[in-house]
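The structures come next, written out as structure tokens.
Each of the two complexes below includes chain A, the first together with chain B, the second together with chain C.
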Partner chain A sequence: MKKALLLLILLISTVLSGCWSSKEIEDLSLNVGIAIDDGDQLAEEMRHIDQVSSSQEKGDLAVTFQYINTSATTPDSKGGGQKQFTNVSAIGNTNHQNIRVISLREENPIMFHHTKVIVVSGELLKKIGIREIMDFYLRDSEARLSCLVLVSKGPAKDTLQSKDPAVIPSFRLLGIVDNAYRSSRILNPMTLAKIQGESYSKSSYLLQNVYTEDGEVKFSGAGIMRGKTNKLIGYISEDDLTGITLITGDAKGGPIPAFEKQSGKPMVYEIETIKSKIIPHVKRGKISFDIKIDSEGILSENWKDSKEPSEKIASEAEELIKEEMEKTLARTLKKTQKHYKVDVVGFDNELRIKYPKTWNRVKDDWDATFAELPIKYSIKVKIINYGNTDARS
Partner chain B sequence: MLMNNRNKITTVQATIFTSSYILASGILTLPRTVVAVVKTPDAWLSVLIGGCIAIVLGVIMVKLSQCYPGKTIYQYVNILIGNWAGKTYGILLVIYFVVLSAYEVRTLSDVTSYMILEGTPAWAISMPFIWIGYYLLQGWITSLARLFEIVFPISVAVFLLVILMSTKSFEMDNLRPFLGEGIQPVLKGLTKTVFAYIGFESMLFLVAYMEKPEKAVKSTIFGIGIPILFYVITMVAVIAALSIDGVVHRTWPTLDLIRSYEMKGLLFERFESFLLVIWSMQIFSTFCITYFVAFLGISQMFNIKTQKVLLGLLPFLFLISMTPRTIDEVFSLGDILGKSAIILFGFIPLPLLILAKWKGRVR
Partner chain C sequence: MKSLDKEEQKSKKNGKETKQSPVFTGNFESDLKKVKDLLGENSDILFRKFRLNNTKLKAALFYLDGLSDKELIDKFLLSSLMKPFSETDKEQIKQDGLKDFLKNNVLSIGEIKESDEPEKAVIEILNGSAALIIESVPEVLVLGIKKPKTRDLQEPISEPLVRGPRIGFTENIKDNTAILRNQGQNEDLFFLKKSVGERAKKQTVIAYINGIANQDLVDEIVRRIDKIKIDFLPESGYIEQLIEDNFLSPFPQIQSTERPDRVMGALMEGRVAILLDGTPYVLIAPVTLSMLLQSPEDYYERWIPATLVRLLRFLAAFITLYGPSLYISFISFHPGLIPTKLAISIAGSREGVPFPTLLEAMLMEIAIEILREAGLRLPKPIGPAIGIVGGLIIGEAAVSAGIVSRIMVIVVALTAISSFAMPQYSLGTSLRILRFISMLAASIYGLYGVVLFTLLFLSHLVRLYSFGVPYISPWTPLRMKDLKDFIVRGPMFLMKSRPVLLQTKEPRRKG
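What follows is the complex of A and B.
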């Protein structure tokens, strides 16, 4: 009798047990991307639905949520079929309010465990600091800290569009970041985890910018964030971004073009390895920096028809490439140091590490101090291979 | 009855016992609490030095316990400093262990309800936890030790795996400069880091149950050494990934370290649930030990039957764990516990040891 009772209890507990507050995965909207725009600017466009739904006419944030359309059929190669994703937008004062507005409009609650990317409009970042905008996602336990943060010069919600229904725009953005080994114009990914630290440190930094047109996207330069205010103050172009990645040593595998002086014919150098060093100097209270770049690579394209031996071609090309890099560096530094007067490369880091005492003296107004500092650079380029042509006979 | 050979534990078990006791709720918040005081990337050094201090304190307690073979602190403190003072110290210990035990339950239910079981009421998480602990303690110290023997290697393996996988977000610059502002901030951090090794007091009780009590020093050194290694690795990885500016603003920085990366192409992409699992097991270990030690105190000091004490403590554990209302109150309870631990196990054992040695010589 006792045994039977025990067995019964065990049986019942296996049947009745389960997760306390479980939700079926089919009944959840899996969010994969978020775009945050300036609510004032998009108010006109989005009026139709949000005006009826709330008493406020406009809000600070217009947030677009992209989630996976689980019921969609797989589109065929001709572009037929349903879109794999759905975008929903809402206008409101805060992120959390906006998410709850979605609950008034969609049948399934949104969850953020799989959010891969957050795109913030540059215009919005000029008005509101990134700490405020990201606060909700940093506080919430759903969004992971590995989530990527990007800036968009145009409306951020357009970056979550695509013409091809088979493409999920959030995943496309994420995939492009992984191409960093093919291009010198992609920054190290800025994740929510790093945003937390950056937004509390006083140093300035860059956020990768996404350009968008008609459902197509392109990584194009970067937005400059001033460390003191955490607001965006401007952009640097793709070419200038190469200058930055050269200095930081993150330019892994980007092609650097140079042009032959007489004929104007191009030759391209592909970076194989790059070692960059920023060396701070403090002499009698005066700070200066040396940049040393040491790179080896391949001559990957050469339009000039040359009968000369490979050593000669190499030394000529090396010289040209070096000049080209110097030009890029000069242009980049002029832009960031003289024009925007911010240190986005990380000179402050080197000073902090090598000369902590000097750093403590200047750290409160570093960007202004930095703008006046002399920076010298020396570049070494070595061609170690020519691909499958021009080999030594 | 309690002293037969079946109830003895081996040296290895004692080592794992101590390690399991030390590693608990602290590891998820340690980087924040230490960096908040130290404010330089050298915080890990402070953790290392704090560990060495803990070892010294641990060895003092071993020496003290070795003066009275086969007796726990509750039993020999009476002989040492007289009945009244001894009882007072014993009762303070019991109160401390009961509250610490409840505190572990509370952190567990807080973190799990926030991170994994959103919507599940706190009592539904902590009650089964407490009951299972009760069930385990039916098997006395040996079943505790055997459980830890199984759980601990798993914890070590999983922990090292998830921390080492974070190397992708490892940035050396966040750890430099080394001692840029001198040793001063590191020493300031010691006030926090010694707390992290609460649990080194296990030797006040364990020596009595060891098969070879003469090896207790060795098992203390290893028992505290393993947590030191854990803590230093955690500190280095967390600071390198999140930077000191980021660490101080995260509530659970260690968990955030695991949340800051995804492994593509592996069977699993994200590993925070793994960390939470081993962390829950470690909290369970610490909970059981403190529960056990509290019960041991009451039953040895007042000669009450095992079962009654074990059952009688259950409601207290639950109620105390439910007392703090906000997360701030939980953390300040942790602070109070840390401070009382320093008084109870930092300052008192050394005079006791000197007294014991002196008495021994007189005799």
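What follows is the complex of A and C.
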């Protein structure tokens, strides 16, 4: 009897509870990308319907959600020229408020499990710290911590546009990151997980910048984030980004051009492997750094005609490329260390590990200290391959 | 059946009437009458009156039309009985008496019994023996000339193999025991005869290898079979249901097989086989879950491919059980766990489907089950045709009509195929039953429900025993020694010990 009763209770409890969190996949909007802009700035541009949500006269955030238009992705409708994504924008004070506005406007609730990128406008980042902007996405368990965070110099919502209906802009941004082995101008992806760490540590860092024009995008340099404020202070160019990836050893590939001194004809070196090391020194309380870069690669293009033996051309080329790299490094360091006065590469970490006592002394105002420190670098380049012809061409 | 019942009633009546002489007397006419009365008006019983040639004695032969060997009767029995006896024969008759003379010199038949009770003689006649009544002899000679109706040995239909013997059991128990004997000369292979059935007796044989099988196990099986009280046993499935441990379990607790090699392998491990006359399905007990996922071929192939095939079967069992329920829980509860591109294409294909996933899955699963059942019952020539038509209609038309999504068709088809990859049909059926329960659990709680279902299902398995042997051994209780032949089929040199939990008399194999 007791057993029967227990069984009954068990059965009833399963049935009565119903399918409480059941929500069929087609009844949800699959969000894949988010663009966060400065609401004040975009207010003029945006349609009225996007703005009525704001309770104040102006909202702080203009958030654009990109979700997949699932009916356009069925095999029958593919290639029909229908856009595969839909962008919805809303202006409001906070992220969460803006998301709930979507529920007032769209048939299906939005779901963030598959969000791939969050693009934040640089202008907004100058005003509000990244910790505040990202707080919702870090708190909420729906968005993956592997979600990519990018900066856009222009309006962020434009990066989620594309002219080709077959292209889903969020996936395009994600795909470009995977091309890092083909270019030295792509940073290691900055994910939500890393943002969490960076926004609480005091050190400065870089965020990959996206340039957009007419529904097309390009990864172009990076935004510099000051560690203390978590706000954007400026940008570095694509070329300067190469310098950063050379120092960090993240340049897994990508061409480095050099020019022959007399003729001015170009030759191109492609990085195959790169090893780099930052060595901190503390002598009588004075901190200095050595950067050692050791790279092997391919002479992939050489415009100059020459009758000299390959070995000689190669060693000349190595010399030229080394100088080119040194120039890049110098330019990059001048920009970050001297101009913006931030350490975005991770010198602080090396110092902290090797000289913890010294670090404790300088850590409170590291960026300012760093700006005055001497940095030396030595670069070794070795051409291991000329491709299918010999070096003379 | 009915005529037999009548026979028994009649014989009881007759027993009362002929109280004075319940035995044969030697009076030909009265003996004849006794037998005739007992047999009644059965059209399939033939009798032939004749004279033992030059002795002038009257004689009669009763036999069963169709079951007795007519050729033997015509060519050897009647001809030798009607042949004139020579002088030396007559002297011999005087010396031995007519009955012994006939037994010793005339009837060239291996199986001869004497009977002085008409009732026993009648039962023998109904079994297919012939009864010879001779004037002045107070006993009836029962001649074992039964020619059982049987078919040729054929490949087992329900368990075909690529590599392995092509022989299967038949409906005749004598053939079946002979096949087992034929598997290898073994003086320790014991056959224990029992006849079971209250109304109609049927022969069962309990086979085991003396010196390997645990005596307690044999005794227990004998005890359970002795306890069977039933009118009639048409098939060994009856025995299976009457002696199994847990009648509520969805799992088969006794293995049935048509393959002599499988039976022999089980006997050599120390298990016991139960054969029943009239069915080609032989029962093996005790059984474990892993046995139902194994095929004799696993041992005939080399161990690496055999292991891979075994792994594949475990995977198929997993898909059979969880395929649709995992799909349901991913689609309705955890869209975040699906890779993005797949999630998009699933969402796209489900666009416009009017049912929730559970209903959609149930619809398709039930359709497939109906198709399977129909294909089974249909006459052979149209079976496959209907299967194709049904499959096409369900698969293609349902998708284009927008009732189900493409991916669901894939899931359901994969699950159906997986359930047929089970080497034992009965296991496939039980897993299919459980699949529906797991689908319901998934539709209520998602993956959490599937986990709950798994816990329930595992706790049942852990409690399930087959003749004292844990059903999921050697997994639980864990016996490291037996793991060599569980998911992995170890190489031959490892296969030297018999399953530990069977507690055999001889734990190590010879050689």
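Please note the rule applied: the second predicted complex is superposed on the first by the 356 of 393 C-alpha atoms of A that agree within 3 Å, B and C clash if a C-alpha of one lies under 4 Å from a C-alpha of the other, contacts with A are read in each partner's own complex, and residues count from 1 in each chain.
By definition in this document, a contact is a pair of C-beta atoms (placed from the backbone, for glycine too) under 8 Å apart; a residue touches a chain by one contact, two chains touch by 3 or more.
In this text the structure is predicted, and so the values were computed from the model without any measurement.
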item: Which superposed partner A:S146 touches (first chain B, second chain C, both, neither); value: first
item: Chain B versus chain C as contact partner of A:L30, first or second or both or neither; value: second
item: Which of chain B and chain C A:R352 touches, first, second, both or neither; value: first
item: First, second, both or neither for A:A193, with chain B first and chain C second; value: first
item: First (chain B), second (chain C), both or neither touched by A:S21; value: both
item: Partner chain(s) touched by A:T70 [first = chain B, second = chain C, both, neither]; value: second
item: Which of chain B and chain C A:T389 touches, first, second, both or neither; value: neither
item: Chain B and chain C contact sites that coincide on chain A, given as residue numbers; value: 19, 21, 144
item: Residue numbers on chain A that touch chain B, as the complex places them; value: 19-21, 141, 144-146, 191-194, 196-198, 200-201, 346, 349, 352-354, 356
item: Parts of chain A lying in touch with chain C, wherever the complex brings them together; value: 14-15, 17-19, 21-26, 28, 30, 32, 68, 70-75, 111, 113-114, 116, 142, 144
item: For the chain C and chain A complex, residues of the former touching the latter; value: 331-333, 335-338, 340, 343-353, 356-357, 406, 443-446
item: Touching residues on chain B, where the partner in the complex is chain A; value: 114-115, 117-121, 124, 169, 173-174, 176-177, 180-181, 241-250, 256, 259-262, 270
